[in-house]
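Next up, some structures in structure tokens.
What follows is subunit A paired twice: with subunit B in the first complex and subunit C in the second.
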Partner chain A sequence: MLQFVIRRVISGIILVAVVSSATFFLAHLAIGDPTIGLLGSSATQDQMASLAAKIGTDRPLIVQFFDWAGHALTGDFGDSWRNFQSVSSQIGLKLPVTLSIVTFAILLTAVFGALLGIATGLRPGTVVDRVLQWLSVILFALPGFWVALVLVITFAVNLKWFPAVGYVQPGTSFSGWLRSLALPGISLALGAVVMVASQLRNALVETSQLDYVRTLRSRGLSNARVTLHMVRNAAPTSLTILALMFVGLLGGAVVVEQIFALPGIGALTTASSQNGDIPILLGITVVTVAFVVLVNLVLDLLLGWINPKARQS
Partner chain B sequence: MKKTPLLAVAAAAALALTSCSGGSDASSGDGAANQPLNIGQFMDITSWDPANADVGFDVTYLSAVYDPLLTVDGDGNPQPALATKWEVSSDFKKITMDLRTDAKFSDGEAFNADAAVKNLEYLKKGTRSQEAYTNVSAVKKVDDDTIEIDLKQRDDTILYFMGLGRSWMASPKAIDAGTLAKEPVGSGPYTLAADSVAGSEYHFTKVADHWDAAAYKGDPLKIQPIQDANARANAMQSGQIDVNYADQAAIDMAPQNNWNVAKKVSGWVGLQFSDRAGAKSEIVGNLKVRQALNYAFDGAKILSSIGSGAGEVTNQIFPVGMTGNDPSLNDTYAFNLDKAKSLLAEAGYADGFEISLPMTTIYQTWQPSVEQTFKQLGIKVTWDSMQYTDYMAKASSYPMFIAFISMDSNAVANVTRQISTPQWYNPTPGLEKFPEVEAQVKKVMEAAPDAQEAEIKTLNKLVTDNAFFSVWYQANNAYVSKSNIEITPVTGQMYPTLNHIKLK
Partner chain C sequence: MSTPVSSPATGTQAGGAGTAGAPGTPGTPGTPGTQAGPAASSSTRQARGTAFSRLLRKPEGVISLVIIALVILVGILAPLLSPQDPNFVNLDIVKAPASPEHLLGGDSQGRDVLSRLIWGTQTTVYGAAIAVAFSLLLGVPSGVAAGYFGGAFDRISMWVSDALQAVPGMIILLIVAAASGSNFVVIMITVGVFMAPGFYRLTRSTVLSVRSEPYVDAAVVAGMSPFKILLKHVLRTVRGPVIIQTSLTAGMAMGMQAGLQFLSIGTSDTPSWGAMMMEGFTIIRQHPTLMLWPSLALGLTIAALAIFGTALGDALAVRPPAKRLSAARKAVQAHDAAVPGSTGQVTLAGAESAVRIDELRVAYPSSKNTMKEVVHGISLDVRPGEVLGLVGESGSGKSQTVFSLLGLLPETAAVGAGELWVDGTRVDLANLGAHRKLLGTTLGYIPQEPMSNLDPSYTVGYQLTEPLRTVHGRSKEQARAEVLAALTRVGITDPERVLRSYPHQLSGGMAQRVLIAGAVAGKPKVLVADEPTTALDVTVQAEVLELLRELQCEDGMALVIVTHNFGVVADLCDRVVVMKDGSAVETGTVDEVFNRPADPYTAELIAACLDDAEPRVTADARFADASGAVDAGTAAGPVPAGRRAATPTSTPASAEGEAADQAGPTPSGTSIEGSAAK
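For the complex of A and B:
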């Protein structure tokens, strides 16, 4: 197991290095001279030259790369080119917001996806099952931003149950924090819930036809215990989907953060791209790739815990 | 269209030995009680450090925690704030300012001449703030409540830029500590509250003994950066914000919600002839071609169909209704496609020509108009797509490009930024190829303040006749607010300062 973890960590580090290096060169290629974007439309030539000297873009690109990479290895991602504050501190402010939304959405997805998946998987062909099938198609087809807008107009603008925009820190008000996460979390989770439920339902239907289930029933095990065995067997597929969703929702959060005006990584990414703030973009890239690696590692460990065969493979 | 004698007032500020004195009208309250004020901004603050902040977007935030030396009124005329009055010397190279003696910073330090000098020296070196102080050679303390700003040469824009948002005064201790970017320490009407969430909600605590406390009735005050227009509209409708930077959809909602609407022109839309001197392309260097392209576009139609009617039709770069803009020039190039074709023929391009133009997402709105018009003239365009930041860097390397260019309330600032000094959109003004224009710019810069407006009008006529630009229309900045709030927009600021957001 330890070897497995070490192997995954090393491959993860290589992935982070390759992706962030590629991002460095692609970002510089795409943005070109960032000083105008950073200073705004009224910038003078003198201001642009002065900023270029300050942020070091007047040096050859390869020199800039090794400078950035050298500092990044020590965990120093430099300062934002726009407001000259440390990249790490800015990502540190925004990341908890995005993680809150995504984690809330994943929790909703896991709980409701599992409940619906088990309910329908154990009784395929029932009305509930058919409704879920239809719902899956509809919710999966609906664009996330549209769902979010409908939720805002209904529950924030008309009913005023939840805020239309903004984020409350849990330390300021825990209930306020939950209320600020509710609509963005539900917007992200709706499509994911039906997908996980569908996967779990199909896996359970397949599992219920396996020999060992019949054997367990013939030995007189209670329905609850048989179900537990079936769920454990069917769980890996849903867990994999859930992990993929976590990564996918990090991207989906960009849109949701915009609609609900949440100060997360998505909003920071959009603003940095528009402004040509490359250090922030690079910092976000490293953090995001590191998260993807981490989530996959946790998934592998979980799958190994559920199914020892997976550990050996 | 009513014209505002902006320059007359600006001139008064710059006039030799003319003083502008300053009892602040705003300091007298109108008796209304304090009320909550939640402002929906469309951009997060760039930096709380005034030296690194942006004038266009950040001044709403900065005006909560900092006092400026000068502010501006709705027409861009400098008005007293921490500087109660000022005098400009007869050679225009020295400005003497009297300062308030009753202001203090939130860390307990007193505002005085030493603090003002330190701030101005700091702002002169600032990445973004330096634009206002390029002609400043020295700042000196005269006595505890008087400073002197020495200029290398006459500068008719410095007071305007200071008032627009380049003279925020911060605590000298905080400047030395280098902590302003995160922890603003000013003498403003509010302090930034600890429960603010960066990027989402900035909460402010009212300073009870602020020298102008009666003018700021928003209590508590909250500013929320909300980039998405739909999200801002939802927040306004749900009652989360009271003031919103408005697009046309939000303006349309105003009557049914009993919201006030305030608007003012902010920038011009059209073709920027970056190579009007013809250094790179004989085509755009040809006056007849530039004039043809002025005749070829129907500004009124483009404004109504693409700009949702949110603006003013004019062919000039000076804001409509303000100094420099001359309504009688608006018909100089009244839409006439036949005239455009005949001018092109006279220029030797009867069958049109081929040209490459840059293109990026935000300008795609106007791309079909240009494409269609050019096609009618036989002009074949090759569009080079690029990122927005790249557009700003590369657009001026093309002989012309589609542009939205911000304007200033101050006419001299418009002359320098749009005509005579290098900017990203005009890196080589090329005035040497237009000696008459160059001479007129000189006349503007050297004119006595009371004669400057006439000289600017003459300059405007010259650049219009020489088709320096192809302006289709000027676009508005618009704001909606609850019925108890009045907004005074300022051309040059994308979002107004708090003294222009008044609770009734």
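For the complex of A and C:
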């Protein structure tokens, strides 16, 4: 078990290293001289040269890479090229917003996906089941920001139930914080909810036809008890999907944050990518990929707990 | 294990509602089962043809196909269809409502909305085409190579695929957009790269499954190039799923593309739906229609692609999804399907019987509005403490009969008619809940296949104590003590360890003992065993049969044992019911049926068992010698040596002609001995 965790952690670290190195070279090679983008076209040669010296882009690329990587290993992602504040502190400021939305969305997905999936998986072929099938097809395909726009028009502009834009710190007003998360969270979660629900539904339908379910019934277990057995055995596929959804939600949050004017990673990424602020972009890449690795590790541990065979290997 | 009469295998499979329209997930759409070998190619082609016509018969298939075709056409013909230059600014129509010259009005900068919508269609289609093309180009060949060659390439490409799926694509896309100066083609290629794992996984798993098919091995033996065969079969099987994946990928690429354009990334001079949505969004309160049109276009197109994929998936899955019928509807259809007449016989009054089945009928849905009856009005009864054998080849309806006795038929099945008495009480067949209340208390069930009948996620201890705690109201300690006793009783020498084990840590024989312990732990009056030895090694078979006989004797349970093996009947049963095609062809004591079979089919079955009697007798002798060392892990308990020699397959050799008047059908006479002992 410990060996398994160590193997997964090492594989995760390699993934973070590979992706961030690739991003480093991709960004540098494509952007070329970043000082043009940072200073604008009216900048003089002297200004550009002094900025290049300050941010270190006058050195060979490979030297820059090892400099960056060496600092990154100690948790120092350098300073922004634009406002010279530390990358970590800027990301640290924005990350809670994005994580709030994504966590809220994942919670919604897990709870409602499980409820809907169990409800339809135990009674396949009902009207609710068929509606869910079609909804899952359509809602999954539609991008989150499209759903967000529809929700904004309906619930914020027309019905005025929720604020259309803005973020409230949980310290300022907890209910206000929840209200500001509601629409972005729901727009992100909707597609994921139906996806998880239909995965769980299919897994439950398959499980319900297995021999041991009949044998469990033959010992007189109640329907609720038999359902528990079925859900535990059907859970792995849905959990895997849930982890994939997390990755999707992180990406989707970038656009949805713009719609609701939330000061999260999304706005920072968009602004930095337009300015060519490479240190910020690299920091964001490392942090998000690390989160994905972490989520997958938690998932693997959960799967091991659910499935005794996987635990052994 | 004896081979029964060459069976026509007409068994009606309990088709579940399992595969009803599973929506394709990104990267893991359902792969339809690999078709049969090369010989079946013409019929396969036929099935493909009908798959397309099936798709066109569905309204959602036609509608989505029409929408997709329209979108593509509008995209290609944009220069011809567009009434105006999409970038021409006419200050007179800034935010103007619809008019005859400008059917959808003007946007915030005074450009014609309809023209921009049409040109935006071209951008959307073009971008999706780039993404899909690169996705296919990267995913399919690497998937084929990984599946075919395996090894290092497989491991590395799998890692890359996993890595791509673990990276939040949108963030990388923003970086690529910044790096490439918002080059549209580069951005869409990147989208394609992020979507490639879907195609990769799909083709890889298809190649793997085709590769492990026996006909590929056969082709290798026959000297054909396996690569050629693989290619042919891979192409055939992968085609449908790839089309489904393509439509899903196209939809998602359009969504990502519009999302980027909504963030004002991508070229600003080409009109796009995403950019139009963004422009409309800023003035949504004053002019909601400006956002409406591009949103509608995007939503409709993506929904059409998704529905097309699903409809095609449904059409390719040859088995139509089984509909869930109401009980009343099933009853009517089952009534229509009933085969007139009844078979079998009863001699006991319901109140005196352990089990009495009267003219029971079971039917399954066969097509849309009809049902096929598989058990045709069978009657039988079992005395308290009696052992009844239910014999027949597969598909004879014997399992269906006992599952309706247990109330454990699949949900699609319908009990058409009949009466059922269990332990002297009449069971209301219409009330499944009440029927199932008998399970675990009055009725016990021993399944056929030991490994698939234990829940893999729970320890043996949990599975066995759970019913005692929740059904019989025992405390945790009490339940544990009873289960330990039951495990000891079925001959498990190390019950503490087995209690802590998971099913996959047990041998087949051990698992079957666990299942028997589970069935008898509730002290049932009637024990139903469905081919309890078929899946076991010959040596273990004998022990399990012996165990069943002991348990039955000690507890005085009635035992209904389903088997296709007359050896089991001879060893264990008092009476036997022979079934064929859903009817009872003969009922009688073991003695009568073996020595004076009334029905030619029974005689045929018995004769089939005797065909290879000679080698089996030798095998028995060998087994008797070796029996001491057999299955050391599970001591069989105190078994008399003479009984041990009676393997389930020790067929009544003596019945072969000369000794019809001999006391018992088996040479050792154990079965008579056994029943006389009761």
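Just so we're on the same page, the second predicted complex is superposed on the first by the 310 of 313 C-alpha atoms of A that agree within 3 Å, B and C clash if a C-alpha of one lies under 4 Å from a C-alpha of the other, contacts with A are read in each partner's own complex, and residues count from 1 in each chain.
Everything below uses one rule, namely that a contact is a pair of C-beta atoms (placed from the backbone, for glycine too) under 8 Å apart; a residue touches a chain by one contact, two chains touch by 3 or more.
Remember, it's a predicted structure, so these values are computed and weren't measured experimentally.
Participant: Quick one: subunit B and subunit C on subunit A, clash or fit?
Facilitator: clash
Participant: Decide which partner touches more residues of subunit A, taking subunit B and subunit C as the two options.
Facilitator: The partner that reaches more residues of subunit A in the superposed model: C.
Participant: Once the shared chain is lined up, is A:103 touching subunit B (first), subunit C (second), both, or neither of them?
Facilitator: Neither: A:103 stays clear of subunit B and subunit C.
Participant: For A:214, select first, second, both or neither according to whether it touches subunit B, subunit C, the two together, or no partner.
Facilitator: A:214: touches subunit C, not subunit B.
Participant: Which partner does A:274 reach: the first (subunit B), the second (subunit C), both, or neither?
Facilitator: Touch status of A:274: both partners.
Participant: So, does A:166 touch the first partner subunit B, the second partner subunit C, both, or neither?
Facilitator: first
Participant: Does subunit B (first) or subunit C (second) touch A:259, or do both, or does neither?
Facilitator: both
Participant: Which partner chains sit in contact with A:34 here, subunit B, subunit C, both or neither? Use first/second/both/neither.
Facilitator: Touch partner of A:34: subunit B, not subunit C.
Participant: Contact-wise, after the overlay, does A:93 reach subunit B, subunit C, both or neither (first, second, both, neither)?
Facilitator: Once the two structures are laid over each other on A, A:93 reaches subunit B alone.
Participant: Have a look at where A:43 lands relative to subunit B and subunit C in the superposition and call it first, second, both or neither.
Facilitator: In the superposition, A:43 contacts subunit B only.
Participant: Examine A:85 and indicate which partner it touches, taking first as subunit B and second as subunit C; both and neither are also allowed.
Facilitator: Only subunit B; A:85 stays clear of subunit C.
Participant: Report, in rising order, the residues of subunit A that make contact with subunit B in one complex and with subunit C in the other.
Facilitator: Residues 30-31, 149, 152-153, 157, 258-259, 270, 274, 276 of subunit A touch both subunit B and subunit C.
Participant: Can you name the residues of subunit C that touch subunit A in the complex?
Facilitator: Touching subunit A: residues 14, 16-18, 20-23, 25-26, 163, 165-172, 174-181, 248, 251-252, 255-256, 258-259, 262-263, 265, 277, 281, 284-285, 288, 291, 295, 298-299, 302-303, 305-307, 309-310, 321-324, 406, 408, 410, 436-437, 439-441, 443-445, 447, 449, 452-458, 463, 466-467, 470-471, 502, 504, 515, 518-519, 521-522 of subunit C.
Participant: Please output the residues of subunit A touching subunit C within their complex, sorted ascending.
Facilitator: 15, 18-19, 23, 26-27, 29-31, 123-126, 133-134, 136-138, 140-143, 145-146, 149-150, 152-153, 157, 195, 198-199, 202, 205-206, 208-212, 214-222, 225, 229, 232-233, 241, 244, 247-248, 250-252, 254-255, 258-259, 265, 269-270, 272-274, 276, 281, 284-285, 288-289, 292-293, 296, 306-309
Participant: Going by the contact rule at the top, pick out the subunit A residues touching subunit B in the complex.
Facilitator: Residue list for subunit A touching subunit B: 30-37, 39-48, 50-51, 54, 82-85, 93-94, 97, 149, 152-153, 156-157, 160, 163-169, 172, 258-263, 267-268, 270-271, 274-276.
Participant: Touching subunit A in the complex: which residues of subunit B?
Facilitator: Touching subunit A: residues 44, 46-47, 49, 52, 54-56, 127-128, 130-131, 134, 181-182, 195, 197-201, 224-228, 230-232, 234-235, 237-241, 387-390, 392-394, 405-406, 417, 421-425, 427 of subunit B.
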